[in-house]
Amino acid sequence: MSTLAPIADLESNPRVKAVFDDIRATRQTDFINNMWRYLAFDAGLLEQTWAEVKAVMATPSEIDPLTKEMLYIAVSIANNCGYCVHSHTAAARAKGMGEGQYAELLKIVALAAKTNHLATALQVPVDTCFDAGAPGA
Amino acid sequence: MSTLAPIADLESNPRVKAVFDDIRATRQTDFINNMWRYLAFDAGLLEQTWAEVKAVMATPSEIDPLTKEMLYIAVSIANNCGYCVHSHTAAARAKGMGEGQYAELLKIVALAAKTNHLATALQVPVDTCFDAGAPGA
Amino acid sequence: MSTLAPIADLESNPRVKAVFDDIRATRQTDFINNMWRYLAFDAGLLEQTWAEVKAVMATPSEIDPLTKEMLYIAVSIANNCGYCVHSHTAAARAKGMGEGQYAELLKIVALAAKTNHLATALQVPVDTCFDAGAPGA
Amino acid sequence: MSTLAPIADLESNPRVKAVFDDIRATRQTDFINNMWRYLAFDAGLLEQTWAEVKAVMATPSEIDPLTKEMLYIAVSIANNCGYCVHSHTAAARAKGMGEGQYAELLKIVALAAKTNHLATALQVPVDTCFDAGAPGA
Amino acid sequence: MSTLAPIADLESNPRVKAVFDDIRATRQTDFINNMWRYLAFDAGLLEQTWAEVKAVMATPSEIDPLTKEMLYIAVSIANNCGYCVHSHTAAARAKGMGEGQYAELLKIVALAAKTNHLATALQVPVDTCFDAGAPGA
Amino acid sequence: MSTLAPIADLESNPRVKAVFDDIRATRQTDFINNMWRYLAFDAGLLEQTWAEVKAVMATPSEIDPLTKEMLYIAVSIANNCGYCVHSHTAAARAKGMGEGQYAELLKIVALAAKTNHLATALQVPVDTCFDAGAPGA
């Protein structure tokens, strides 16, 4: 089920084809997952989203690629996006995440969810020393 | 503002004192942040929460301590817990997170939030190849 | 899958029949979507919910009907309700939403999600001039 | 900080006064908390919201008043509404919630948050026997 | 669909078998629902989660078992966990929740969600008298 | 309170100054709100975020500027971002939102939140006719 009908010949649109070609070249695979196929209903949305994903996730930077995927999974779980949980868990595994790391990731996410709810329940005041904006901090 | 009145002499409760002593020993600091001071209204809740935090966050494991803190921040942002965002951002900095890593963390969280909402909006079907439970997967 | 067994002859309950009749008359269609069929397990819940939906969504007011549906979609995406995303996207299309407007709606929702997470991450202080409750504001 | 300037003489509006009078009579107190003072900028919104709160929360029913307040707190924590957490925690205490019950409530909320995130992370398939809508269920 | 392949012979792992045996004894049933089957990919995660569920949910305490399940449902709805909504609604029914109580539970959850969003929209300031941490409160 | 110390002389960084100049020119005001001042700790994050906000929110398109702001408010309420609720409510008023429209917006958001929770609670199956991806849809 989806809110868009699949489009038969997506790559007849040259802007879509250009993005798909770049996805294939960047990821070194012929596979284009559904996220991109659905975003392709609007070429501008597809281009802007892919450009950002490529810049943030597929460009070497200070955070290593596997850690990036685990951060992506963590946010996707908390935001409850089933599609993103599936696609980024697969991506993390492709980048080497073992079962031990996966179990640890889940323990951290579950613990954070728990303490998030406890802090909200108690409306715990932020300690002054945590305020980076305090004079002299 | 909080839902609990601060308790004057928390450590007169030996169960609370034992947890606070362990926090001080584990973190090698005299500082006990508000989260623990508020949870202390119920010794069992304090003990169980600290035991879990210590086991997951303060025990050497496959994921390094700084990455753990960044994962905690990511979940806390998505769950919108101001207290936890403050305390774990401070903890990540204490463990060496530089401004470049912090900026990258924010870019990943922001991008994940964006694509989470897009995938939910379109109700994108999960690609078969992402289903680890599929026969033959 | 659902948490309720479908009821065979819903309209044998006159309170349910009265609501369904009003839905049909208001929307000028014979189709009753599942939301109402499931809420019908409790006539009071069905009546109160439909009365509110009719008053807010199906009564002429300052916000035009298509904008109302787009606002409903925006909230439903952020709250991650798959059923509501589906039903209100269909409703918005029935009220004239074109693909260009739909793409724009998604861009706004995605951008808001992104900046929501950034503002929460940084715990950005609210500018004084945004406080409508400030003296002299 | 708020998005509305406080209105000086709220009860000069007879519709607002009627609702405030009913709140005072129902709760047997002269105190009108800020939620109602702010909703009063629109008499219809105030009337509809109070009517629903009165019907659901202040009318004897199958769920006792304290349990209702604890359920309200649970949802408000999960939805991260600081105002509602404060007001309904105060209301639950006024209806007799002791510190032991409060601690238990927090343990349940925290545990549910944890397993919610774990089930979402693993995308655990719903067991067939939980589907009330299954033929023969 | 799930992010883990089902494991063929889960109970060949003695740590998993011990937990499953305890679940069967505690619940007096042979049925092990999917949540535990999936968590079993990591024995430590399974053990810790079950220990906490058993302590909080299956141990006599100040809050009765049916109320506990209803609180669990409330959080699971607000956190949008389909699996948890299904499993705890089934559990609540097994503990005696009637359709009248279920309808009331839904009315409370729906009303809380509504006022949560209204309080957030208006950024209603917390009344001073709700602050348990205020001097003299 | 914030997670970043304010930077004294932000515009000594020419990349920051260029963005701030563009914000001033686009909005025709000298005021730079805190969101941009905080994002400025990383010039790339500031540039990318402003470019996207400008393209989506400040460029004439099929959705009028006031509707865009109301959609932004709706998402920000559901995502519980206090900063964004404040800034976009102020922006919507600056673009002409009257109190009547504001009250209506709140009624729609509150109603959507309510039915989102009801549909999730009941796990209402999506009607086949809402599936745009169905063959023949």
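Order as written gives the chain letters A, B, C, D, E and F; numbering starts at 1 within each chain.
FYI, a contact is a pair of C-beta atoms (placed from the backbone, for glycine too) under 8 Å apart; a residue touches a chain by one contact, two chains touch by 3 or more.
Because the structure is a prediction, the values reported are computed rather than measured.
Between A-D and B-D, more C-beta contact pairs join the chains of A-D. Interface matching across D-E, C-D or C-F places the copy of A-F, with more than half of contact pairs shared by residue number, at C-D. As a whole-number value, the distance joining the C-alpha centres of chain B and chain E reads 20 Å. Chain centres here are Cα averages; for chain E and chain F they lie 33 Å apart.
Separating the centre of chain B from that of chain F, both taken as means of CA atoms, is a distance of 27 Å.
Shown for chain C are the residues that touch two or more other chains, namely 1-4, 45, 48-49, 52, 75, 77-82, 85-86, 89-90, 100, 106-107, 109-111, 113-118, 120-123, 125-126, 130-133.
Those residues of chain B that touch chain E in the complex are listed here as 1-6, 48, 52, 55, 126, 130-134, 137. Residues 1-4, 31, 33-35, 38-39, 45, 49, 52-53, 56-57, 61-63, 67-68, 70-72, 74-84, 86-87, 89-90, 98, 100-101, 104-105, 107-109, 111-127, 129-132 of chain D are the ones that touch chain E when the two sit in their complex.
Looking at the complex, you find that chain E touches chain C at residues 80, 82, 85-86, 89-90, 99-100, 102-103, 106-107, 110, 117, 125. Chain E makes touch with chain F in their complex at residues 73, 77-78, 80, 82, 85-86, 106, 109-111, 113-118, 120-123.
By the touch criterion given at the top, residues 1, 3, 41-42, 44-45, 48-49, 75, 79-81, 133 of chain E touch chain A in their complex.
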